[in-house]
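Right, I'll just put the structure down here and ask away after.
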């Protein structure tokens, strides 16, 4: 059975030693969705109604969140992020907004957690800005879409460990 | 149609003015789940195999994450948190770990975002610590379970805006 | 001659003891301006040209900056901010954007520094987002416009210590 | 007309992709001034009177502020700062203190924002420490004095976009 | 045997629930020392030789450190600090500098950790600023000197659990 | 007499300019101890009694603390940490827990302060988690055990500046 790399042989949590790994260009894309009532969806999408740019604020929050990753995820290495992009795709019939974050770094370890954190923070920000009208919104399906660079190579999500409900 | 409270009449983002609201005891509980491969689930649950306490680290991260909420969610008020509790319920047959965070404050506005952030950060930490063995883990169903205190009163989640897939 | 309150009798820097002051509602408004080339001004004001919302991002940054005040100003007390509002007034003929931030707290000491920091961070963000097209932008005239609440009472800026150039 | 680099073609805010830029030695110097009453100026300059080192504290704050730049400016890249220097030049006849910050990095993008932030935080700290005796102090003329390194080459401030009052 | 309050009945780490405790004025004083070579001691004490104010910088760092306590100590409550004071007593014959920090809050739980953190950060800053001339400096005897306020009442250190070497 | 490198020729605090130093692999180990009552020691060591993992939480805190070093130590350079390891050795007869942190970086300056901060934060966390049963615990003997890499070469602690009591 594989071993969890974040523990040493005595079960103690460690920040994995990447001192001798090469610095390469690495890229990771994470996705997620936030589900809501149709009225909430309309408020977000049609800025004429809401008179406010929820997604603009959530994008800024997601980008800033990516930079805070090593502050909030205990064993993450601090990384020199070279690019963050956060995109939203409203899915009209489903009252759902899909969130996608791509992070690039030149470094010794991957940017998956930065991409995940960007998605999570963007979703939390949407919830925060709309919670007064819709407390039942749900954040779901946050997963790694793709990553490249580094020794473990390319990963493309095939949904294998996704929940089957 | 209801209005988004985080924008003024000109559509500008604001931190909602709660200056004149009463300080009351408020409590919020958020839930979420992380889905994974059966092998990963066993590694997390059976510390004899993994030789490491993934959930212990994720709990600490979730509690600390709750405290960072106003730093990462743009329009959140800074709140004097008086209690944070983060619990994990492994669901054996489903290779799923359910996460539940309850936050209490004595303040002028609710603790929903703190509870959400605790769940999200705990889930991200589990992902981080296990990603070397299972990149396909998925974080889902983060939602507000219950809240009480404050003028808007009690809320209990009834799943209305949850995704139906 | 008046004494600087941030030092004790031996000249040592201290965080002023406000333990026994009353908690009252306090409000402070700070203003400032950023000057730029006419072309830059047009890019910011006319979102159709720039295809981006500089001021929206700067507003979010200013609000978040207000919350970081005790982290960056050494002797500031941590305060429970209850409201932040950041407004921009483009002054067309002068290629100047005026920035105004109002912060409210219920606390034992005033919110001036939070309002100042909001203005400064909003201005720095505008600079950052436009620096590729205009490195010569200048941030000026950051001052306290008004404050109320607390023992020292109301202050309204009369420009007395403003630079006369 | 030039384009704002912090937005993509759809007007969405992005952290500019610098992944493929070379790491070079870069340096930036920003300047600014704080204006005050003559009495305040004397209190700051003559430590025998004030019994406290306002500028020493402001210098520490400015250096620490430079390091917090990516935390507070939304689209700034995290940079490995290799040097920060903050200097103050009291201008006696004008009751003005000039602030100058020079930041060096070895990196893929410039250090202008770090230098600006150092100046702004140093100025805010001076205001904070003296506000009890002079609420009318004004922070002005924060601008980029000089920068070198990187593809855009050397910039020396010529005052073109400075306000003409 | 007494129980550790930071764990629930199942051994899970929690932020202790203080929601229903009264807000009272609380005060805590922590002390500690840093030991060094006589030459280093002289450099710090005699600013004419060192041409720099090590203790001034360490005092600012200690005060700021107190404010960061809930960010760095996992289960600490965020507290509204109302006063921080950091003092240094050079002990000439022993080449030792004693550090003492007093923190006051109006709150539901004590300020011990804030006082401890102020002492530790001040000591670390002295080490940092002098390490180029003396890598062997040692930080010792950080302990709670006194605390008052709150249900557990007054505590005065009697050295009982101090190491006897 | 040697000079303090953190001041310029005029006694002004600076972040030392390391722009032109080579990036090399650097490693630093700091140690420290926390002394307590025998009962407290047993509670920490025997998790069956305490029903909680004090040292697990302290280890996470120490690792995260290492990453916060440039935020809390004023003149520290931000460094790309590539490894952190925090170990505890309970010394049964002495009711003492020894703490040891090793930090590695690839960078232009050493990782001593990161190792020190990890030890200090781990010790403060142990104090925090046990203070309800033992307010008299003492943190002592935090010192640099060893460092390597960089121009100043290898350092091994020989206790010369340790306090002799």
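Observations
Labels A, B, C, D, E and F are assigned to the chains in the order they are written; within every chain, residues are numbered from 1.
Quick note on the criterion: contacts are C-beta pairs under 8 Å (C-beta built on N, C-alpha and C of every residue); 3 or more make two chains touch, one makes a residue touch a chain.
Since the model is a prediction, treat every value here as computed from it, not as a measurement.
Listed here as common contacts of chain B and chain D: A, C, E, F.
Distance from the centre of chain B peaks at D, each centre being the average of the chain's Cα atoms.
A repeat of the B-C interface exists among B-E, A-C or D-E. It is B-E, with more than half of its contact pairs matching by residue number.
Taking the mean Cα position of each chain as its centre, A sits at the greatest distance from chain E. The centroid of the Cα atoms in chain E and the matching centroid in chain F are 15 Å apart. Per-chain CA centroids place chain C at a distance of 32 Å from chain E. Residue positions 12-13, 53, 56-57, 60-61, 64, 68, 71, 74-75, 78, 80 of chain C each touch two or more of the other chains. Those chain pairs judged to touch are A-B, A-C, A-D, A-F, B-C, B-E, B-F, C-D, C-E, D-E, D-F, E-F. By the touch criterion given at the top, residues 53, 56-57, 60-61, 64 of chain F touch chain B in their complex. Note for the complex: chain D touches chain F at residues 25, 56, 59-60, 63-64, 66-68, 78-87, 104-106. Residues of chain D that touch chain A in their complex: 8, 12-20, 70-71, 74-75, 77-80, 107-108. Across the complex, chain E meets chain F through its residues 1-7, 9-13, 32-33, 35-37, 39-40, 42-43, 47, 49-54, 57, 60-61, 64-65, 68, 71-76, 94-96, 112-113, 116-117, 120-121, 123-125, 127-144, 147, 155, 157-163, 165.
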